[in-house]
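Chain naming follows the written order as A, B, C, D and E, and within any one chain the residues start at number 1.
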Amino acid sequence: MTALLRIEGLQAGYGASRVLHGIDLTVGDGRIVTLLGKNGMGKTTTLKSVMGLVPKQAGSVQFAGRDTTRMAAFETARLGLGWVPEGRQVFPTLTVQENLLATAANRHGAAQPFTLQRVYDFFPRLAERAGNLGNQLSGGEQQMLAIGRALMTNPRLLILDEATEGLAPLVRAEIWRVLGALRATGMAMLVVDKNLGALMELADQHVVLEKGRIVWQGDSAALQADRATVQGHLGI
Amino acid sequence: MFPESLSWRSPRALLACTIFLLMLLVPLFAQWAGSSFYLGFATRIVVFAIAASGLNLVLGYGGMVSLGHALYVGLGAYVVGIAAFHGLTNGWAQLAIALALAAGVAAVTGLVSLRTRGIGFIMITLAFGQMFYFLAVSLKQYGGDDGLPLDTRSQLAPLPTLDGKVTLYYLALAVLFAVMLLVWRAVHSRFGMVLRGFHANGRRMLAAGHPRLRYQLTAYVLSALVCTLAGVLQGNLTAFASPSYLSWQASGELILIVVLGGMGTVMGPLVGAVVLLVLEEALSGWTQHWMAILGPLILLVALVSRRGIWGVVTQWEKRA
Amino acid sequence: MSTPLLQVQGLVKRFGGLTATDRLELSLAAGETHALIGPNGAGKTTVMGQLTGELLPDAGRVLYDGQDITRWPVPQRALAGIARSYQITQLLHGFSVLENVMLVVQARSGHSFGAWTPVHRQRALTAPALQALAQAGLAERAHDDVMALAHGEHRQLELAMALAMQPRLLLLDEPLAGMSQGESARMVDLLQGLKGRYTMLLVEHDMQAVFSLADRVSVLVYGRAIACGTPAEVQADPAVRSAYLGDDHG
Amino acid sequence: QTPVKIGFMAELSGPQAALGQDMLDAFMLVVEQNGGKLGDVPVNVLRRDSQLKPEVANQIADELIEKEKVPIVAGITFSNIMMAVSKKLTSAGVIVVGGNAGPAPLAGPQCAANLFVVSKQNDQFAEAMGKYATDKGYKRIIAMTPNYQAGKDYVAGFKRVYKTPLADEIYTPLSQLDFSAELSRIAADKPDAVYAFYPGGLGVAFVRAYQQAGLTSKIPLLTVSTADGTTLPALKDSALGVMSASAWGPDLPNPANQKFVADFEAKYKRTPSEYAAQSYDAALLIDSALRKTRGGTDKAVLQTALKAADFKSVRGNFSFGANNFPVQDFYVFEVAKDAKGNANLKTVSKQLTAHKDAYVGDCPMK
Amino acid sequence: MIWSLFFSQLLNGVQLGMLLFLLSAGLTLVFGIMNFINLAHGSFYMLGAYFAAAALARTDSFLLAGLAGIGGAMLLAFAIERLALRRLYTRDHLDQVLATLGLIMFFNETVRMVWGAQPVFTAQPAWLNGSLQLGDFSYPAYRLMIIVAGLLVAAGIHLLIHRTRVGMLVRASSTHPDTVAALGVNARLLNTLLFAVGAGLAALAGWLVGPIVSVQSGMGDNVLILALVVIVIGGIGSIRGAFYAALLVGLVDTMGRAYMPQITRQFFERSVADAAGPALASMLIYLFMALILAVKPAGLFPVRR
């Protein structure tokens, strides 16, 4: 199994304040890794600096064998990272359909690429709302749209930051079902979420952050066994 | 937006004092150079510095970018001109009329303008400025586009006549120092703190229970009055009142001076006025195409420094 | 029991498509500590906004101390004793920690256009400000610039500024968000100390803190209160477990 | 011998630059032909651009008076600039030799012994055109000028001679370069003729708009200082048929003029304008005076020397009235193809002879 | 008769409106999407006019002149954005104002150095000389062409913004630039291109007015203010807003100049009216803007954020 994404000694932060103090982690091809931790521990910052949205102060990031440490966000993304940002960030002044089409691409000649139709099959609700503006959607629909938008770039690694935050249980279940289906297609994922239960079913590997450092990692079995400590870290 | 610290021994304070001293000595220099032209020029700088200090109050500290403040400069000049035209040459009376008028105009226009924020505010202040510009143009009996020559300068008994260039200069300088002192004290006072607070984070200030309009309007009127003072001096300096004093370019020049010198600093407007006008004079004396040099210089300042020239001094001092 | 200090009746707030607050009913007795929990985007902050007046509701009423304050402007409510700490910290950058608090004190001490005496020489402002800072455990940072503070300290300052208003109703929006365990532990103790002295509406994702601090808990989902009761009741409520706490929560 | 300093203030930038440039060029033509001398004394001409801004002009005046200490200031294209600086200069004892602007107040009550205007009093071209309009028997005339003092003077002057009340008076902002709205009004109004004054760049925009609106053929366009040497090169044939009143035209048959036009065209490769002619005369006047005083710049002496107006004007008969404004003849020209096939001014008729301005009476000097 | 006059005034207003739209479109795009106040926008208008004039003098081809004017301005804009201005996107608006004021000075003076102080004149193409007979009044063909051009550009921009990928991205990055980048789009390049296009539109306007007004240094300054008025009235960042606002301003200004004098004469005696009329006419659009901002501080078509 080759490493798709390799992060080594990553340090990053905002201006003077440093948030990440040396993160090492690897995502194998077709594997699913989770980032866990309380609010403000640096999960989003990790993802953002991988994307190149937050400047890296030290360390290196490789994706698909390419060194992306110094790359601009759009260059990194073009290598095949699919970005589902925290807080949805759908484009409010574009319709659902435009949201999906605006950044669509198939840069790596995926065998059966995601098309509007396929995304609508995954999220029938979006098909119904195709003509609505982004900011007219409910929170849940916005979240689906954000995922669909990322899929339309036909990524090799899907990055989901709090993809199920603030969603009604049913919608949440829907999303987990979709992610399961994607996994079956061999899509690799780096997932940030608070919903341990679902993550343990979905993911192969778990990483717990605290104040910008990795304080625990292991597979779902290990997590099951070591649950108490982890929950301590997560402040539950 | 940091106001200068109150410490006296800081390099900045010393630099400021040197500048003041030099300004006090200008008449001597003019004497020595044997040409009162430099005196008139220095007076012009001081007048601009006064107006800019007024603008700085709202722009630098209050964060309200007004592109219409030349209106008050022009208003001051025209009151002097028109009053003299009708034989009223008592400077104190002219001053009273000018300030009262300016206060009225500022109160009304401010009330409307402060409904908007950001670029909206810039443009609506511009709009009012332009309205008064065209008003001045249409004052046929007062010269219209040709402007209004002033044949007797304001008589500010017991002060000696303003026809004496030295008198006019020192009067302007006194006003400038007074204004700068006021600004310096004001920005550290309760009033100034609130004003700057709304600049920093209006949402928090409201949540803390500060009414926005009351303070911002007061600041706006205050700055208008300062600019009117400058206008009265301007009228006496050029012995002329012209619509072009109210043009938007004039307002733009004021902003240019403030930002160039360093907005939200007491010294900024003075430094800006000195640098800009001296550069203009020097370059234009050297080549007819001086603007082609001044322009890039200004662009450069904008690129390298965030707080204008005085800001650079501050940064440098912080590092030192 | 006396008339509640705060009453929210049929409050509705829409943003374009979505209903952020949906016919919300809420009531706080004087001295009560009431927690408002719910998934992100449930509308908690929006509720806060409508209580402070930063957002105007599309329908419904807000009663404070018996008066209908639904249409009051923000400053008026603040002066009436409604103080708020922000989820996304709202501090005055470019000012020192002390100045931040002093500006709050100043608002309370009546408007003044005093444009001459420097505020730093006015004990009427500095004394209460320092006191509030001490209360929030920031006394020693008083003269630093706010930018220099750590994230947790920002939150402490938020609280200090709220306290400096000497409010009757204290609205705390995720005071623990992004705090390390140590910091949040300290903050929890601090809030424990305030408990009873102020009427508090607490929004927080940290369940430990919520259940240890709150007298009563309301659960918000899609802007609607799906449950309200003692921590124990709410924790037991299956709807809440499925909607927010999650079934795996224990 | 130390050169005599002469301040030359003109509008050398912006829409009106053409006028100032012509004045400067013509003035320098004389100076250079005399090998950098006027009246056999070397002169140092300090050229200054007033940018058509009173306060800038004001500062230039200060500089010329106090820093350069010049005895003579020449040039000054526009009336509003003249009004802004004349008092300052004259009361400082500087002799002003105006090359174009001749506002009414300076011809009347505010006239000064050391203020000479070589060109004309603003109203006079207008009076000439008023006479022409009267002779033609036009009944309904619309006047149209920029909204500034000179514009108003030109209308006043026209009305002084043309007694029939004007059908309408249109004043446009000085900065306005698009006249569609006004011309539509005129097209709809269908007057017998339109009387207009739009100097320099404005003139080009105006005449061209007038022609584009298809009015030139329908409604005669009577102009002053609009279709002239500064604008015809740009207007070309679009100005054919436009009438223009002035004291000077390139085809005036006096030898001084023929030399002037030939030299000017030779040196600058363009036909001179009336501004050039007036400024050329100003230079000749100063030349004559300095020759009399042998380069002496004593105010009183120089004044009398200037007042004598002892030079061959390109405008033929020339003398100063009591108010130091010229007494001269005025003509009406039509824009027509000249020998070389270029659109140029062609004399139609002499309207006024040895004409004094209307304000000389109000001038205390006798 | 009254009506035909009114009608042609209407056309005049529309024509002025179209010019204003061409100018404001670029300004509002750059401002709304990159949050950048480009006071030098008026300079590109001026440069477009000058380049076109120069090209016309060489080639005698109106269209080639337009090509030169627009192309030249766009290239220049591209370079300047790359070299300097992009560094200012994240900065205080006043820094941007300062910088672009500097640019204005520079360009005004440079053209003065290159082409001289005298206005440069450009002729309109022969095939657009003369005027069309519309009912009982005639209207210059060239001005009709300007109106048509304006409408075409408006339609073009509308299609570009609302029908194409680029348009979607432009709108998207106006609210969420980071997200757009994180989805694999070079938002920076997008900005540079957008800036250049804005300049190109200004240059287009400059090329078209060349034959009507005289091309001269500083011709962009007053026009810039009008353009700012338009985008503020229309709602910053809204092309639609800019279009309607431009039409409104054009009509208000023209109608004011056309009828204000007569109107004032109804109320004042002739001499006063002749002074007040033109002044009021010039004041009108500013009154108009002040009114609109006082009622709708965000403009007529505020962009949803």
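Just so we're on the same page, a residue touches a chain if its C-beta (ideal position, glycine included) is under 8 Å from a C-beta of that chain, and two chains touch if they have at least 3 such contacts.
No experiment lies behind these values; they were computed from the predicted model shown.
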| item | value |
| --- | --- |
| Chains contacting each of chain D and chain E, listed by label | B |
| Touch-network distance, chain B to chain D, counted in steps | 1 |
| By count of C-beta pairs in contact, the leading pair of chains | B-E |
| Chain closest to the middle [Cα centroid of all protein chains] | E |
| Whole-Å gap separating chain A and chain E, where each centre is the average of the chain's CA atoms | 44 |
| Between chain B and chain E, centroid-to-centroid distance (C-alpha), Å | 31 |
| Chain centre separation (chain C, chain E; CA means) in Å | 48 |
| For chain E, residues that touch 2 or more chains besides their own | 112, 278-279, 282, 304 |
| Touching two or more other chains - residues of chain C | 16 |
| Two or more partner chains touched - positions in chain D | 147, 173 |
| Contact set on chain D toward chain E in their complex | 12-15, 17-18, 21, 147, 169-173, 175-178, 180-182, 184-185, 187-188, 200-201, 204-205, 208-209, 212-214, 234 |
| Residue numbers on chain B that touch chain C, as the complex places them | 1-2, 6, 182, 185-186, 188-194, 196-197, 200-201, 203-211, 214, 218 |
| Complex interface listing, chain A residues touching chain E | 51, 53, 72-74, 77-78, 83, 85, 89, 91-94, 98-99, 101-103, 105, 107, 133, 135, 149-150, 153 |
| For the chain E and chain A complex, residues of the former touching the latter | 165, 168-169, 171-172, 174-176, 178-188, 303-305 |
| List of chain D residues in touch with chain B within their complex | 49, 53-55, 58-59, 62-63, 65-67, 79-80, 83-84, 87-88, 103, 147-149, 152, 173-174 |
